[in-house]
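Below you'll find a set of structures to go through.
Below are two complexes that have chain A in common, paired first with chain B and then with chain C.
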Partner chain A sequence: MPNPSLNSVGKRVGRLNGPDIVTGRTLYADDIQLQEMLHGRVLRSPHAHALIRSIDTRKARKLPGVVDVITAEETDGLSILARKEVRYQGDKVAVVVAENPDIALDAVELIEVDYQVLGSATDPFEGIAPNAPVAVRGAKNEDVRDENGKRYRNVAARDEIVQGDVDAAFAKADAVVENIYRAPYWHQTYMEPNSCTAQAQPGGRVTLWTSCQGSFNIRSAVADALKIGEGRLRVVPLEMGGGFGAKNRLFCEAHAVFASIRTGRPVKILINREEEFLDGHPAPGCWVRLKTAARKDGSITAVEGRILWDGGIGGRNGNLARLVGPYNVPNIRLEGFGVRTNKPTPGAYRAPGAPQTAMARESNIDALAHKLGIDPIDIRLKNAVRKGDRTSGGVTLPHDWLANTIKAAAKEARWGKTGLKKNQGMGIACGDWQNGSGPTNAFIALSEDGSVQVLTGQVDITGLHTVMAQIVAEVLTVPVGKVTVQLGDTDKVPYTSLSAGSKAAYSAGTAARKAAEGARERLLQEAADILEAAPADLELKGGKVSVIGLPSRSVTVADVASSAMDSNDGPVTGQWIVGKIPTYPSYSVNIATVEVDPGTGRVHLLDLVAAQDVGRALNPMLVEGQIQGGATQSIAYGMMEGMIYDEEGRVRNANLLDYAIPTAPDMPDIRTVLVEEGCEHGPYGAKGVGEPPIIPGAAAVANAIYDAVGVRVTELPMTPERVVAALDQARED
Partner chain B sequence: MTHDIELTVNGVAHSVSVEPRKTLLSVLRDQLHMTGTKEGCSTGDCGACTVILDGKTVTSCLVLGVEADGSDVTTIEGIATCEELHPVQEAIVEKGGVQCGFCTAGIIVSSVALLNENPKPTPDQIRRGLAGNLCRCTGYTKVIEAVTDAAKKIKKPARRKVSKRK
Partner chain C sequence: MQAFEYFQPKTVREAVQALHKHPKAMVLAGGTDLLVRMKDRVNRPPAVVDVKRLPRSDDLSYAGKTGLHIGAAVSMRQVELSSVAQSRFGAIAQGATFVGSIQIRNRATVIGNVCNAAPSADTAPGLIVHDAKVQIAGPKGRRTMTVEDFMKGPGKNDLKRGEFVLGIQVPAPKPRTGSAYVRHTPREAMDIAVVGVGASVTLSPKGICTAAGICLGAVAPVPLRATKAESILVGQKLTPGKIAQAALVASDEARPITDVRATAGFRREMVRVLTERMIKAASRAATPTRSRRAA
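After this line comes the complex of A and B, so read on.
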């Protein structure tokens, strides 16, 4: 719904830096090439779990062109390299610094490490068994017991939600569904492997160029890792070749900085694709047992279950409330464990934990609908959180956002009205996400020609700067093409939070609007002097300031900006710093249509409708693009993706051939529906957009498969083998 | 031990001394400092490093520098002049076919080559023509829209424009 009173906001504007990107001129982190630059390469553990008996670096050091070899011993008590224990395949053991990448690679192979291999835990279900191998020696774990009083292994964190009378609700239920779901580690697989370059300067400061979602976040993390002050570091963020949450955290930035300080020369460390898989920050897998109860009328009365998060060496736990999701459920008993496994600690991947939990929750709800003979759309509408309800995130909803998004999706997909053939089916699933907000900023200055320069510390991940330019153009009534937005590094702008959690456009968009309003006020004040009128009698329209009712007495923005350079108050500028802004949840609904070949188990995605409650689309084209991309990722988790670990805890598919992501022929056109009902706190009514699209896709495919062939596949990805196995199982039953 | 090779990149002749194990991708990026061509995997699986070599698209991470001796290479830097974008480039921006942009060089080079061979492809043919170019951000819908749109705008098969940039 474009708002007719707006000129720039709400328009389908192409990326402002698009021409640079499409001609190959935009610099990404690995494009940084400095004089005298050295190349670092990490020696990584080949074992999932082992003790290091000894490391011999003598041969590597002797190789011509090797400048430095760093092991834990050289790090003076820092924990950036494994000292005694390697805890996952890919754990960092040493860094070689050499004149070129080939020498570094050769030298890494000359380092001799004597390992004593230990037992490893790579599956959370097996990993908690009282007799399972200890994943991380000496790590502090929770004392949680099984029904026989035996202590579970490797449980790093535990939480629970207990509400109402669950047992009574199950006793009174008309239908109960209980299933076990599994999901594997899932890699973000951005196309740009991480690369960073550090340059130590005389005087002790270090500049770091890197691909990241937040320069200040990286600055704090490097400072923490190296135990130095943040002020010693300048982090320069570059155009980011995809992150999806992974680039919130460090890859080898601390190692590059450390190596540059030691060698006094710039050091680049490029992670290759295999290293990305072994030592990135993928989404966690999980094991879920979920039991859901409903009454005849479809109202969900109870949810009970346990989730074991595959938490890597950190044993990271997830958000338990996601198993309940955006529905009103009175009785809940849920328990969540963060289980340590011999894998890298998982990171964020768009709406962390939400796709995995949606798979379980939305499959169970679907099964209940089928048991009770209720339409899957109706059961969701019946239980959806509504206007006036309080969400698990603690906000009271002002609209029927979810219900309206479900209806919009159903309408677009012609739910119940399409003639499906044999072995074809349609499935629906929903997701919710409450975006964050965080410190950010916008600084605006007008040039003599009326062009507008904006500076922000907020990293652009999918068009944020274009949206900021649209907002500034809107307020100052100039064409978007007159506005440029620059990303400031940590020496140039105040602390800015991550571009993650769907908060960038929400927060930085607000900063841009407020800063532009400030500039507008200055502009009117300055024009008032020129036009000899009171600022209150002036209006700004179409790039001109004029006296209200006297359009002939006017002056252009350019003229005002130009004359301000010499005025008593100085140039026309505006600035705004955001701390936190209140937020609301937003909702996404996917309807997938699939065809299943019962002979081979192959699932073919025929159609996907992705509807999302976006508040207000600041740039519908960019919003649709984010939704299409997120939905594709979720569908891929549903049908083809997942990291595979062997018995020894080694990754078996650490390359893009074996870890296949969707190609163009794998996907249909994704049809998006934007539900725009406004959100009072976001800029122009916008909500966060980036996370919700990835939540429901996998579950929608699972439900479509059920609709097509009557079996429920409960393990991701739903590969042909698993579909065939489910069909075979159904025949036996 | 290095080999001296000669190759033409975007219409400009270069002689380069290359180590036998260096790929064409590395020659372009590290020795000729043309960093528009990207490395997403180095195993031939992502297509980010796609260039046109003697009229055919190749993944330059799988071509050795020495193999490119005597050949004619077009990279992303040679698709447009500074003033005028190629219709594919223009459409990718205007239709929202670019998000992070890391796959974009490869997608554009492959699309330009596809349209040279088949000026009026169907959406399905475009999808198949881009099967070797992974994009993680867009889900491809807007990429396909953009290439379809560009095809409409190109009257004749696209001419290769030579970059004025040195």
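After this line comes the complex of A and C, so read on.
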């Protein structure tokens, strides 16, 4: 609910850059056009795993319009192109630089590569088998063994959580549920495939324009990849057409910079949708065996299991504690593997690892509730982390945030009170997430007309700059329309971290507030001279500074700003650098209502209630949009999304036709509920809101399917075919 | 996209000449398949012949004697919104409704859908159960053949050098004929049929089925007519048992493959489920409204 004492914060302010975006005026990375610009295109491995016997670039080099062909041999020991081994379909083998994109593509087709195809592993469960193919030759793996003492293959990382006496807890349990869950690689499918343009300058510096979630991260990554100093690079971030975590990392930026240095001309590399699928940074899939125990009263006593994260060539491990989640469980024995597979190393996708683990955890809890005859809401309330409890993130909770969010969702969905028809059902699932913070910054300067210019290094991914403008407007008591927010590049602002981890508005919002408070102080000081009063006797209200109790003695913000230009202390400014700020977890709860067609297995989502504990909504419209977007992504993972690999390790659905994401008719109007109980550290009580919405949706649908037709689908996505198979299985049993 | 020569003939003769002169030329109507493939470098035609400016190419008309005429440039959206298509050729209108999005359907053509010859073409089962014929123009004059025979395999049609499709003619249905089409897809729109089923039935005044058509999409290299299932219905009263029996036979007749969208087994099962539903829908559409109300 909006705070009545606030004028701008908490209001439904439309995105300041919205009109430009929807009318096509916004400049995106691929809009960068420079004189003499060349175009790079990448030759990629058609095989999931192979050795390169030879590369013949002669024909490509002879094609008129081709300026450069770069293979590993030309990179002087850098590892930006495959040298001897390609490790996944889409692995980069060569870059062609040409006068236009068509010539570059023609030349890519003229490069001849002789491959010796090797065995590949694309499934983490099959990939750890002692006799599985080695995914990456010479990679260092953990020595982990099966029950027969045979060493698992491709285990790049292992971790465990052991707490309490798990065996005793299972022995004493009144109900035990054990299931195996699977989830596939999951692409972020943002609208804008990555594009970047690099321009080497005569002095040796290079400017890089790119679509990214953090210009400084890209700068470090390019510097690392090319073994050059960060100071040689200027990274200019542009408006993003979606990133969801993927654009934390490099696509072809290092290649564009390298090619521009070699050719002395600007080089643009645009990757297409297929390349996004083959060589992007999707979320990892996983294989989970999860066993959960409870007593008659519904208290969860033990969690035991193993998760195999599909870690791509990096064998990246994922989160393990999320298999326990936001519940108090005394006895835990969990083991997690990061498994090397012949896929690109997974990246971040909005609450990384949380939707996959929530699917397993929340399905098991739901099954326990049904076994024990307890309402699925009640079992969650019974075990939810409460005020005074310490979370797995090491925070002691000051409120019953999760329980209150569960209750708010249940109330909105009229849980237990709706008249469901045959084949209809309702399911609930919960998620938790603790946002990150800083480093970030805000620099404020006032113009003579009282308008306010804000500069920040924080990339705007979902309305951050609008929220910063609201905060600055609030502090300086000017209309939001008087505030503009500019994104600074790496040459113009200090180091700024990624817009990721639900931390942008939390951290840069704090920077904006503190910087605006500094500007306000300076404004009052300057006004004190004009009004011949002590700053302590002045108040700032409605864009005017006046003497308290004497409203006629006042001066406008514009007049103060204008007169300050000539004053001894100079223009009215404010700035703030955030390092780190403490954070709290926030909670999201989804209740899905579905109807299942038992003939075709089609699941129709009739209704979705998405409640979230947001602290305070700085802009409810933007927060609701975040929740609806995140919930849609989770539902989609639940029902249709996922990358499919064939026996040879090739992606079968590297396009947006075969890789299904929902269309508007697939989604109901998601009903959002904002639970606003404040948070002591965030700006105006806000918590990070970006990631929690994506966590529980898939699991809520799984639980609703069970409620509707009595079968539990444990593999994502829960396609019609899998629903029909589960129904057939239930009939046989 | 690579450079190509572009022709926009104003007469059938000019079109035939252009196509004959450039054997590798491709015909452009709505472009929703062709342009995407050209941009993706799947098709690299040296020449493109646009048939949208041919006389009466956008003609969609119905006459009691000759039936429904669909010109070469008639869009999916025209057919979808046509009241005569909706009332007399339900399976065709419904097939058009499933294609792409409204934006796509405003460009995409029915003829293009047929010429493209995808086994999953959404308008094909409806056209086939209505015994539609393609009218072909070419260097040797004109010829006609059924849509069923015209579609030869994935991406393959019966057109010879210099030929193109001028239009489709669908005979006027007999009284008390109804038809319907549905498809199974994982999402509501912008998708390709995992299985599509079109059915038509003609009933006698006493409710006996005198003719039946069942055509299955995406379960064979071409839209497949389930003739054995059809013959089970003809001469019979369409009881739930009879319909279920025909649906089971249709699923036997299907020759599905396993691909990225579904397994063969699931496709077969969907043929059974959807055929049953479509025979029922067609038979409801064939039943005059008054007697349906009475029932």
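In this text, the second predicted complex is superposed on the first by the 733 of 733 C-alpha atoms of A that agree within 3 Å, B and C clash if a C-alpha of one lies under 4 Å from a C-alpha of the other, contacts with A are read in each partner's own complex, and residues count from 1 in each chain.
Going forward, a residue touches a chain if its C-beta (ideal position, glycine included) is under 8 Å from a C-beta of that chain, and two chains touch if they have at least 3 such contacts.
The shown structure was predicted, so the numbers you read here are calculated from the model rather than taken from an experiment.
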Which superposed partner A:Ser8 touches (first chain B, second chain C, both, neither): neither
Touched partner set for A:Leu27, first chain B, second chain C, both or neither: first
Partner, of chain C and chain B, that touches more residues belonging to chain A: B
First, second, both or neither for A:Thr600, with chain B first and chain C second: second
Touching partner for A:Arg652 - first (chain B), second (chain C), both, neither: second
Which superposed partner A:Glu624 touches (first chain B, second chain C, both, neither): first
Which superposed partner A:Asp102 touches (first chain B, second chain C, both, neither): both
Touched partner set for A:Thr663, first chain B, second chain C, both or neither: both
Chain B versus chain C as contact partner of A:Glu239, first or second or both or neither: first
Shared chain A contacts, counted only where both chain B and chain C touch the same residue: 102, 657, 662-663, 665
Touch list for chain A against partner chain B, complex: 12, 14-15, 18-19, 21-28, 30-31, 33, 102, 188-193, 239-244, 272-273, 461-463, 621-622, 624-626, 628-633, 655-657, 661-665, 667, 669-670
Of all residues in chain C, those that touch chain A in their complex: 1-2, 41, 101, 184, 186-192, 260-263, 266, 269-270, 273-274, 277
Chain B residues touching chain A - in the complex, by the definition given at the top: 19, 21, 29-30, 33-43, 45-46, 48, 75-77, 79-80, 85, 89-90, 92-96, 98-105, 108, 123-124, 126-128, 130-144
Chain A to chain C touching residues, read off their complex: 102, 105, 599-600, 602, 639-640, 644, 652-653, 657-658, 660, 662-663, 665-666, 719-721, 724
